[in-house]
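In what follows, subunit A forms one complex with subunit B and a second complex with subunit C.
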Partner chain A sequence: MAIKVEVCMGTTCFVMGSSGLQVAIEEMVAQAGKEVEFVPRPCLGLCEDNRYGKSPYVKVDGEVIADASPEKIMAAINR
Partner chain B sequence: MPSDAFVEVECTQICKSGMHVCGDSFRSQRIESENRIIATLADGLGSGVKANILATMTATMAQQFSAANRDIHRFSRVMQESLPICRVRKIAYSTFTIVDSVIEEHVRIAELGNPPYFLFRNDVEVPVPREVLPGETQARDMALSSFMPKPNDRIIFCSDGVTQAGLGSDDWRFGWQSSECAAFIKNLLQSHPGISAHDLSNSICREALSKEPGRKAKDDISCAVVYFRSPRKALLLTGPPYNHEHDAEYGRLLQEDYDSKIVAGGTTASIAARLLGAEVEVDFDTASGGLPPCSQIEGIDLVTEGILTLTRLMQYLSEKSVAHQDPAGEMARLLLVHDRIKIVVGTRINDSHQDPTFPPELVMRRNIAMKIASLLRTNYLKEVTIEFI
Partner chain C sequence: MHYQNNSSKVRLEILIRVAKSFKSGTLRESVDKIAYEMIPASGTSLRCCIYKSRAVIRSRCIAALGFALENEEDDSTLLQVYAEEALSRPKPEAPVMTVLRIACHGCVNNRYYVTDVCQNCMARPCAVNCPVDAISFKEGRACIDGETCIDCGKCKMVCPYNAITRVSVPCEQACPVDAIHKDKSNHAEIDFDKCISCGRCMRSCPFGAVMDRSQMIDVLRAIESDKKVVALYAPAIAGQFPGSLEQISQALLELGFDDYLEVAHGADKTTTLEAAEFQERILEEGQPFMTTSCCPAYIETTQRHLPEIQKYVSDTKTPMHYAAEQVKSEDPETITVFIGPCVAKRKEGFDDPYVDYVLTFEEAGALLVAEKIEVGELEEAQARNVASRQARGFAVTNGVASAVASVLDEGAEIKPLCINGLNLKAIKKLQHYATKGDAGAYNLIEVMACEGGCVAGAGVVATPKLGALAVKRASENGRQRDK
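Our next item is the complex of A and B:
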């Protein structure tokens, strides 16, 4: 079953670089042999939630990744 | 005319071949307090910059005198007496046509030197009798006319670059002429009964240009259309309401009868989707021009990101440049085919937008929305209402 990676495309996350995340990790995902479904979201609503750090936000199978980077997302995928 | 009638005014212009400035000048204005629209087309003597100056001066004078004088006879006398005349050729330095329309009342038209205007009622040309107001010389003779407009009436007026298109060529020795132009318009209205003022004026100018040898305009070609019809209404929602309890207001608005509905903002899209019982699907392929991608929600015609897209929309409307193939360009084009636009702005502040390192326009949704409304009114004569929730 594919791992679901939801990428926030809201204003703050987009400004902070979310639009490039999918392209950045596609090759890493392929090399790792993982089956991943990328789902862009208009807004995950996380920037108003004080429990998390700063944007951009990504969810990997429901797990919130704050200040998302390709390395952090791959680490979550591999967990 | 019904009380909710709308007047669409558009003009298309093609410069004389080799000229960078059109020697014809078009002006239009909406006087809200009088429910009135005035449109003026002037054709300056000669071509290029000199003609443009003459035409612009005449059109501006005509526009202002007409706006100040509800009595068309008085206004006409003032124009006749003050219009500059070439002492050598004894002709006016500029011709003009003024269409003065008070919505729910009559239309008054004054012509001096331009080809006679056409009135089309649906696809039938309707002759309108003129009253000639003689001037000191024939060059100052003005033709006045007046009638009560009906829904789907179109007034089409142009410079002689249209009616004399192709003059001297093998196919059009005497030019396209008014009668052939009228036949073209009739055919077009029969095949496209709902054609907009913009598309009609554009089609007439393109057809005129096609009569010119090598498609090189020997004179400036200008055509304006005043179209009386039922208004097209659009709704633009942006930003979540300040109070969550007012989210339902968005649901109520989205159930109302609008020709197009637009949502700008991720949170706003989530609220709209929840209230409509629909899903939000982001189309990543629509990301372009450095803007976030659009989304799709069943029942909403266009869903974009918020502030970044609206800021770019503001730029495009200010520059009158709406052909861009990105979400803001698409929003601009969709808004501009409507006549009445309601903008509803949610005023809940997104704390993440308050980061001092962000561009200042990101935090000013209210200001951007107000600026967009102003541009739609002044640059495009749209009727715009704006509400804050």
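Our next item is the complex of A and C:
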């Protein structure tokens, strides 16, 4: 079963770095031998209430990762 | 150099908060609170303590309001005072870059360093091969004396365990023209006579200690005024925001710009004129070579460091210039705002009377976030005359050279060379061509200060790799030039 990684591509998350996340993780994912499905999503609404400091947001199999970085996403994938 | 890291995120967050405060009319009152909102008492800090982080953020706010930290005389001045001045100044000023001393780590100068990996071996090739006897042995490992070391790197080369590493000062390393150095107190300092405003130092500093002086407040004020404000967006905008070029155009209208124009139209004029210039100077008059002139950091380099090459530089103006000139000729009262990937463009903007303000994609992104504009959900702006494929391709390396080549007659003897990123080596090469009066096998030299071209500029939001792909797609939607 492929792990679903939803990357928010709303303007805030995009500007705060979500655009590069898939590219950054692809290699790591291949090396770890994990099967991952990347799904770009329109604004997930997680940046409401001025929480844009915690962008970009990513969901790994439903689990919300704030302040997403390749490292945090890989950690979630490995869990 | 990595384009997305905590440093760029912090810069963006501050721009967003400043923009939001301006929009809600509370800039004067809330700017002093930004540091406290970003680093609350219960929060953690990426630096030694929350108080240091807050002090650094205060400095960042000063740069975000458009000021130079070098001019700060009294660090107890409330940001409200800076906000007042930003809200009333007639226009922003040079220089473009500013160093935040308080954020500067004061990176160690000692270039070669023996790590824990050292096995304290008996062969000791490091010490034996050191030409100045700078290596001694203490506490179970080799140790390099910084005072004696001449930075030759032999020890690193000969160590069988690769235990010796080169510790560099990232900003000094990144600067192509040796314009940033540590001062007496070990903090970075820019020599503004040498600085070409390329912004490499800003993107490479691991402590975010260099920033460009933002023009966001000036542009926000212009939009609020009664004057007509037109956004001139660079071809590199494709891929910087999540939407098509038409949606991005619409987003600019939503931000309050009265109109927009693809700078690629200016690039079409640059292509025509530069090809004609190449035809005349090189093919007809037989001059040995010509360099392109659209990269402002390169032009700064020719003025400050390579005067010998100036006679070979194309006289054709930049796409930004032609686009701004077009707008002003239709109505001289219009305010022109260039939006692009480039920090050096700010300098070109100061020197060009047709360009009123220059914003980077970071600032444009901050404005979109502050106004909650979802680019991907907008209706596409009405279709207009699109610029050509070649013009839209200017944003990547080889874009300019190939545009010029495509316009010349079939079989024209054009032999292009792309200088893909300025550094000491590239500058020496250009200097060599200029003093020799000959560029060997080449007769057109395209110079891009940023490796990869404009999509890798210091003001971008998206990673250059993706930016380049998006530019290529946008370029495919351009019209075909009829020469």
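By definition in this document, the second predicted complex is superposed on the first by the 74 of 79 C-alpha atoms of A that agree within 3 Å, B and C clash if a C-alpha of one lies under 4 Å from a C-alpha of the other, contacts with A are read in each partner's own complex, and residues count from 1 in each chain.
One rule holds in what follows: a contact is a pair of C-beta atoms (placed from the backbone, for glycine too) under 8 Å apart; a residue touches a chain by one contact, two chains touch by 3 or more.
Given the structure is predicted, the values throughout are model-derived calculations rather than measurements.
> Answer with clash or fit: subunit B and subunit C placed together on subunit A by superposition.
clash
> Does subunit B (first) or subunit C (second) touch A:76, or do both, or does neither?
neither
> Have a look at where A:58 lands relative to subunit B and subunit C in the superposition and call it first, second, both or neither.
After superposition on chain A, A:58 lies in contact with neither partner.
> With both complexes superposed on chain A, which partner does A:20 reach: first (subunit B), second (subunit C), both or neither?
second
> Quick check on the superposed pair: does A:42 touch subunit B, subunit C, both, or neither? Answer first, second, both or neither.
A:42: touches subunit B and subunit C.
> Touching A:9, do we find subunit B (first), subunit C (second), both, or neither?
After superposing on A, A:9 lies in contact with both subunit B and subunit C.
> Could you tell me which of 77-85, 275-283 or 365-373 in subunit C overlaps subunit B after superposing the two complexes on chain A?
So the stretch of subunit C that bumps into subunit B is 365-373.
> If you lay the two complexes on top of each other, which residues of subunit A touch subunit B in one and subunit C in the other?
Common interface on subunit A, subunit B vs subunit C: 9-12, 14-15, 19, 42-43.
> Within the complex, which stretch of subunit C touches subunit A?
Within the complex, subunit C contacts subunit A at residues 3-4, 8-9, 12-13, 16, 38, 239, 241-242, 362, 365-366, 368-369, 373-377, 461-463, 465-466.
> So in the complex, the part of subunit A that touches subunit C is made up of which residues?
9-12, 14-17, 19-20, 23, 42-43, 52-53
> Quick check on the complex: what are the subunit A residues that touch subunit B?
8-12, 14-15, 19, 22, 39-43, 45, 47-48, 55
> Which of the residues in subunit B come into contact with subunit A in the complex?
That would be residues 265-267, 269-270, 280, 282, 284, 287, 292-293, 295, 303, 305-308, 350-353, 358, 362 of subunit B.
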